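Here it is: the structure, laid out below.
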Amino acid sequence: MPDPRFFHRAGPVPVARAAEMVQGTLPAGVDAALTITDVATLEVAASGDAVFLSDKAFQPALAQSKAGFCFATFELAASVPRGCTAITCADPRAAFAQLCAVLYPDTSPAWGAQAVASDAVVGPDVAIAPNAVIGAEAKIGARSKIGPQAVIGPGVVIGDDCVIGANVTITHALVGARVIIHPGVQIGQDGFGFYATPKGPRKIPQLGRVVINDDVEIGANCTIDRGALADTIIGRGCKLDNLVQIGHNVVLGQACIIVSQVGISGSCTIGDGVVIAGQAGLKDHLKIGSGAQIAAQSGLMRDVAPGEKVMGSPAKPIRQYFREVAAVEKLTKKP
Amino acid sequence: MPDPRFFHRAGPVPVARAAEMVQGTLPAGVDAALTITDVATLEVAASGDAVFLSDKAFQPALAQSKAGFCFATFELAASVPRGCTAITCADPRAAFAQLCAVLYPDTSPAWGAQAVASDAVVGPDVAIAPNAVIGAEAKIGARSKIGPQAVIGPGVVIGDDCVIGANVTITHALVGARVIIHPGVQIGQDGFGFYATPKGPRKIPQLGRVVINDDVEIGANCTIDRGALADTIIGRGCKLDNLVQIGHNVVLGQACIIVSQVGISGSCTIGDGVVIAGQAGLKDHLKIGSGAQIAAQSGLMRDVAPGEKVMGSPAKPIRQYFREVAAVEKLTKKP
Amino acid sequence: MPDPRFFHRAGPVPVARAAEMVQGTLPAGVDAALTITDVATLEVAASGDAVFLSDKAFQPALAQSKAGFCFATFELAASVPRGCTAITCADPRAAFAQLCAVLYPDTSPAWGAQAVASDAVVGPDVAIAPNAVIGAEAKIGARSKIGPQAVIGPGVVIGDDCVIGANVTITHALVGARVIIHPGVQIGQDGFGFYATPKGPRKIPQLGRVVINDDVEIGANCTIDRGALADTIIGRGCKLDNLVQIGHNVVLGQACIIVSQVGISGSCTIGDGVVIAGQAGLKDHLKIGSGAQIAAQSGLMRDVAPGEKVMGSPAKPIRQYFREVAAVEKLTKKP
């Protein structure tokens, strides 16, 4: 499932080899000829694809999945559906990561000898500034401007009427129309994904993309990591200020305002029209409802309902926050 | 008023067209031949320039202004002085932004074909590293060093004895002498200015500059946005650590120390010798008096008096902060 | 002691001139022929080297030191050992900085005319992308990949099998094997070191390096300053997320996890396996024990014991933090 424009798959892996590699076990009587051809999310997996199940919460999705192979713990292996070969192992997520590394041994962009690759597709009236680098098979839409020293990776798609600033790097990404990316922005690098081993943290290959929709503006020196397997998505009309961090698999809805130095951890899902003020931080996997407002320097450790206004670290409803500020101040006043 | 070295103005706009564009109304009997030639701040506007009035606080400045045209709400239109044509509209700031976009349809730097433009003015003993890009009519002062991959925009002025690091971008800016800019700094990009529309946030053109005075040092990967109309100014001898964010129209006095990851929002005015410790954040439009000290991670929501020391989020006098910390700790102790 | 691959020393300084320059005094009868050849830390100084003593805490180290010269205050000058010439002055640290500036008048990298210097040593199967710049006598290990627009400074050593992203700058640094550096990272620039003068802050030359050990991964747009005199060190297997700031002379142990937007101030010493969550900040000179865990947005103002878990700003044991959060909330509830 990883996008072949960005990721080059090695040959299939025999299921027996995959099991051995992760010190896993296969059901009795597994067909020795079975091979795993790819990795995928539960939702899009096909019969040649491997997935993993490390948490009961994903059992319903696995039941619906067409995946052919599933790494699972001993406890959860029984819930792997018929027609899907369970590979029982101690740490399914780590096992999946190991398989990803074998199927995709190198995810860094390959650069040719030319600054602008001869097979890049450059639309009409595009302005490419001196020293920009454009990789193989990248596509630049009509009238877009590519700044000096900007780097557009192999296979990247940039829409019409975009302005890409100087010293920007974009890899593993699809960018819509009328997008403005200010200087120094880094888009599409690996997300921060590791699994623990006795020898220290080990990398989980990052095989997703960044998808930036139309009319987005991204401030200077922001960083947007690509997804681990699904995509990181920036919704239409979002405006990001400078030095914002967007982790892997974050999904931003439409027309969000993200102020400077905000950090959004991996897999957060943000609704439409959300405002997140400066230096706020969100822990991973949170859901922020549409129209929510998050005050500056807030630290989010829980979901936020649509339209809710929160503040503080840990964040709480903004009126409660100010009540607490007042109550603490009162503690220090003489009666 | 926007500096013609950085901004290329389109032809004048008939006042009737401007009014129509913003769904505004003109006083009865306005001369149909009137044209708006430019936009300006209240302080420097001339008779061909348009300004806007969206807040009573600016009435005295408008009374002194020589502006020929003023967008104003119905309530405030009466205070537009004689000799200045009021354009009455619902949202004067948005209207002004729309006019800016017509007068200055493209504010992104134009890059020629050469890495170092043939009409750039390079002083004696300047060292330009490989792959640096220097735009048209930029000026580099004597003995300055321009690092590899650095980008100096069209019209930018760099003083004598500066060191500009690798992968730096500087556009729409005037830089003094003996300034050190470390690698990865982005200077002069658009500030974060939008107005709300039913279709989502819409961009306010940013037509100011960044002015960096002598003996300033700016740490790696900092971002300094240019002004919306007036300038963003960094005072003489200021020292900025890495990853600092300076919003549009911020004015820093002399010899301020700004520690890593501080964020200063738009239009803050900081006095001389102010120290702002790491990760502190300031909301927009604050005034910080000379000699003030702001502790690490503070969140400023109000002005700070000269010499005052503040801490906490929201920030308060540092002794009060520590009293509150102690009072809260005491709450958890058994009596 | 500064590494001659990165720092070019001017001729020796007669001790009488050094004393005069800092308005200091020498012991009666000092040999007029004595010259200071270099600066060094107390631990590695040799007989031609100058050191400084500004704090009693370093008296034992000075007693063991082989330094030939020592700037010291009047109070501390008596503790300068026999065989070491004391230069008595008001501000030994400032005096030392002045001497550094004379011995090392220019610490910025010198770039030749070629993008890849002809005397750079490039190992087998190295891939250098278009527009990368590699300085004189830099060494790139086998199979390493250098991204487009990356800048590898003169004398820098990169180990085998590294991946250096686009728009990265590395100067004054030694990088181990299998290190991944994501786009936009800035490594090796000056630390944030100044001393106060009546004319404002004045720069302390930064004469150390950055040492990055094997198997480290560094996220996009991070900044790692080089040491002031000793080195900034990133231990084996450390993983840094995006936009992290590492100050000068920080020492990270092995396999630490540093999440996005963390700021670690100068001279902090971090043990092995420490986890620092997003947006946390550490004041300078702290010691964090191995296995400690620091929660997101924490503000560290004191040392942390091995294995300790802390949270809050100011940070405290995590259970105490949550007790205080609950106690404050309770204040606002009606009885």
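Labels for the chains are A, B and C, by order of writing; each one numbers its residues from 1.
Operating definition for what follows: contacts are C-beta pairs under 8 Å (C-beta built on N, C-alpha and C of every residue); 3 or more make two chains touch, one makes a residue touch a chain.
Note that the structure is predicted; figures quoted are calculated from it, not measured.
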Copies chain B and chain C touch via same or different residues, half shared test: different
Rotational angle, Cα trace of chain A fitted to chain C, multiple of 5°: 120
Whole-Å gap separating chain B and chain C, where each centre is the average of the chain's CA atoms: 32
Residues of chain A engaged with two or more neighbouring chains: 131, 149, 167, 184, 221, 243, 261, 279, 297, 313, 328, 331
Residue ranges of chain C in contact with chain B within the complex: 108-115, 131, 133, 149, 151, 167-169, 171, 184, 186, 189-190, 192, 194, 199-201, 203, 221, 223, 225, 243, 245, 247, 261, 263, 265, 279, 281, 283, 297, 299, 313-314, 316, 320, 323-324, 327-328, 331
Footprint of chain C on chain B - complex, ascending: 127, 129-131, 145, 147-149, 163, 165-167, 180, 182-184, 215, 217, 219-221, 236-237, 239, 241-243, 254-255, 257, 259-261, 273, 278-279, 296-297, 313, 325, 328-329, 331-332
